[in-house]
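The structure under discussion is supplied below as structure tokens; questions concerning it will follow.
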Amino acid sequence: MIKVENLSRVYRRSRTSAFGPRAEVHALRGVSFEIESGRRFGIVGESGSGKSTLVRLLAGLDQPTSGTVTFDGQRVSGRSERRLSFLRRDLQVVFQDPMGSLDPRMRVRDIIAEPLVAQRMPGQDRRVAELLAAVGLPADAGRRFPHQFSGGQRQRISLARALAPKPRVVVADEPVSALDVSVRAQILNLLADLVDQFALTLVFVSHDLSVVRHVCDTVAVLRSGELVEIGDVERIYRDPRHPYTRQLVQAVPTLRGALSGVTTADLISERKPL
Amino acid sequence: MRNLVIGAVLVGLIVLAALLSFLWTPFDPTQVDAALRLQGPSGAHWLGTDRFGRDLVSQLMVGARTTLYVGVVAVGVAAVIGTPLGVFAAAGPRWLGEIVLRANDIVLAFPALLLAIMFGAAFGASTLTAMIAIGIATVPSFARLARGSALQVLNTEYVLAARSAGRSGPAISARHVLPNIAGLVIVQCSVSFGIAVLAEAALSYLGLGTQPPTPSWGRMLQESQELLAVQPRLLIVPGVAIAVAVLGFTLLGDGLRDRFDPRLEGRRARG
Amino acid sequence: MLEVDGLCVAAGGLPLVSDVSFTVGGGERVGLIGESGSGKSLTASAVFGLLPDDVTATGSVRLDGVSEDLVGAKENLLSTLRGSRLAMVFQEPMTALNPSLRIIDQVAEARLIHRTARDRAAAHRDALRLLEQVRLRDVAELGNAYPHQLSGGQRQRVLLAIALANDPDVLICDEPTTALDVTVQAQLLDLIVKGVKERNAALLFITHDLAVVATVCERVLVMYGGRIVESGPVADVLTVPKHRYTKGLLDASDLEAVDERGRLHAITGAVPAAGQFPSGCVFRNRCPRADDQCRVQPPWFGEPEQGHACWHPAGGDE
């Protein structure tokens, strides 16, 4: 459904000296993969891995330096904003920062209805009410402003907004990273319910391998802009092939591991993971 | 909070005086009476009279009208022209932004005074000339402010979300950028008002603004400047009025700025 | 080494931390676990004497060898203790380092302030040694760099070096790895553990991450609503939790424990805002086993070092 071929994105920094070429940041280098319809596709990477850049390119919010992004056979990369309306209907993004991804001066009902307004879809009031119920928010939440809600509730608002135009794909960029553990469980459950209920294809981006393992069936590992390993999530966790993936799996502290004697020294040694 | 209250009170006083002057003033401010020249404060003339026998309190009140009138029009014009210009420069193509910035810098290089003199020479000195000159000279500060804060807003995740929802550029500017910079623009209005008051006084002092017989604080200064040693009261009274006006508007602006600070908003609403 | 008794922190009459008591001995690694709004960071700040102006602390904090109580002590005394006997590593490395001073100078300064180094030259040498101990590669080159030229992980190592500079007896770490990548976190955690082991220092490690606290610490204190609701050895508390909140937290954070639909076991409701916790047991409005008895605040059941404050502990009647 989503196809990425040889995708690269290079940023050129502003000048620091009068002579010589400008510094270049290779956010993505020749990344290729395919996401099939109905999958729960995870993208794992630490800071600087290029995962945020990848999210923007998948959503048509940025243009690649080279390579292509295709959605359902149609090209996304290289298209002007005006010709991307097909994508805006079928693919929506849930962003990371529950504080920053909601306009502080807009009421919640306007925030949720925004995709409908932008794409001129009718029945907005009814849809907003449906969505508030679907994400577990009270009906009067629509009248209030984002700052009156907690982080977990703001993520529910983000989810409601993403679901408004009835998309087929939801791209979630670190949706639970800023949340407390108990809230994280609620939001992950909600996400799973929504994906089931609306038969969504999910692209889940995170730095947290454990969360990705719980949520996804397939995972792609990014490092410094390169796709290092891709495959079934259980296989990657149990038998990582690339040395970086191995290092990543091993470095994650787990409760089970700690209780069976894993120490801080073990997290960084050249040991094979459990 | 304290700034806001003090500023509001001072500004309120001036507005009240100006409004009251439409209904009543102790005396006709333009009435000349040679017999009553240069009198000190008395029961009839609370602040005394000037060299032409005109009552000072009445001149102050009607002068307040002029001050506010010029301020409102000048700042209004500047805000209405400068804000969209700044937003356009931020949201539009890069080359447009550059042109606006450079044009801004050029206008900024001209002191309002110089512009007023040019205008005065071209169109004749008057209240209107003063307003237009001050207005044009104030546009760059609005454009700069609008551009800077619009850029910040355009870099937020919620604008990215709006683009992902399918919003077009102009819709984003109208629906997301403007409401989020409105607070700062209002603060700038208040601060610019203070500057406009000073500018109007300066222009009137130079004879380039409001013409006689309409009272104006700046001209009150100019008309009495030779009498500084003899009757300092004649300069202190309008001087203090100007100072109070500028202080009031500036404090109001500071107070509003604190009120609108988004960081404080986070503290007020503990999610 | 460090004894905290009945510590309370309030801001303008609003209680934020209530009745916190614990001890940390030399060489012990104790974790303080809680989510946002639990009061864990405030507890650390209160122990360190760095509360904001409008926040006050009452109770007792005693450091071995210091006759005065640290709560309410004069700033003079506190500043001689901070950085020498009592040290802290904060969460945000960028704000804790002076952006206009070189790294090596900031580390050396720690030695000079407390006169543990004789002169500038000695302090400089000590600083190099400390930076090597935190495995900062290319020490000579990086030492001359400014904070903004370093990565987040490198900055945290520098903060750790500064904290350990004068061989403190107590090291407090407040979410030191929360903002770091997993691989960088692993490195830093190992450095912290080695650092306190070498000095036989007491470690108070504050975090929201159960897996981290289990890997780093031997004992753990669980905080909720400004109170310690359970404490004990890591192996006990995190395998057989007694307090319902601890159990809920463990279940919710276990991403491998799912029900028949594949869903995690979440705690219902959300953490109340400060001052809006229920009377009696702080957790009763979200607890599946709450009843009328819970309107009365539960006492501490068990020993001071291992126990819980719950009328209906888990594992009893399951």
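The first chain written gets the first letter, and so on, giving A, B and C; residue counts start at 1 in each chain.
Following the convention adopted for this analysis, a contact is a pair of C-beta atoms (placed from the backbone, for glycine too) under 8 Å apart; a residue touches a chain by one contact, two chains touch by 3 or more.
Nothing here was measured: the structure is a model prediction, and the numbers come from that model.
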| item | value |
| --- | --- |
| By count of C-beta pairs in contact, the leading pair of chains | A-C |
| Most widely separated chain from chain C, with each centre as the mean of CA atoms | B |
| Gap in Å, rounded to a whole number, between the CA centres of chain C and chain A | 31 |
| Approximate Å spacing (C-alpha centroids) for the pair chain A, chain B | 48 |
| Intercentroid distance (Cα basis), chain C paired with chain B, Å | 53 |
| Chain A residues counted as touching two or more neighbouring chains | 150, 153 |
| Chain A - residues contacting chain C, complex | 46-47, 150, 152-153, 180-186, 188-189, 192-193, 207-211, 213-214, 247-248, 250-259, 262-265, 267-268 |
| Interface residues, chain B side, partner chain A - complex | 156-158, 160-169, 171, 175-176, 179-180, 262, 265-266, 268-269, 271 |
| Of chain C, residues touching chain A in the complex | 35-36, 152, 181-187, 189-190, 192-194, 208-212, 214-216, 234-235, 238-239, 248-250, 252-256, 258, 262-267, 270-271 |
| Chain B-facing residues of chain A, complex | 56, 59, 61, 81-82, 85, 88-89, 92-93, 95-97, 99-106, 114-115, 118-119, 147-151, 153-154, 158, 161, 164-165 |
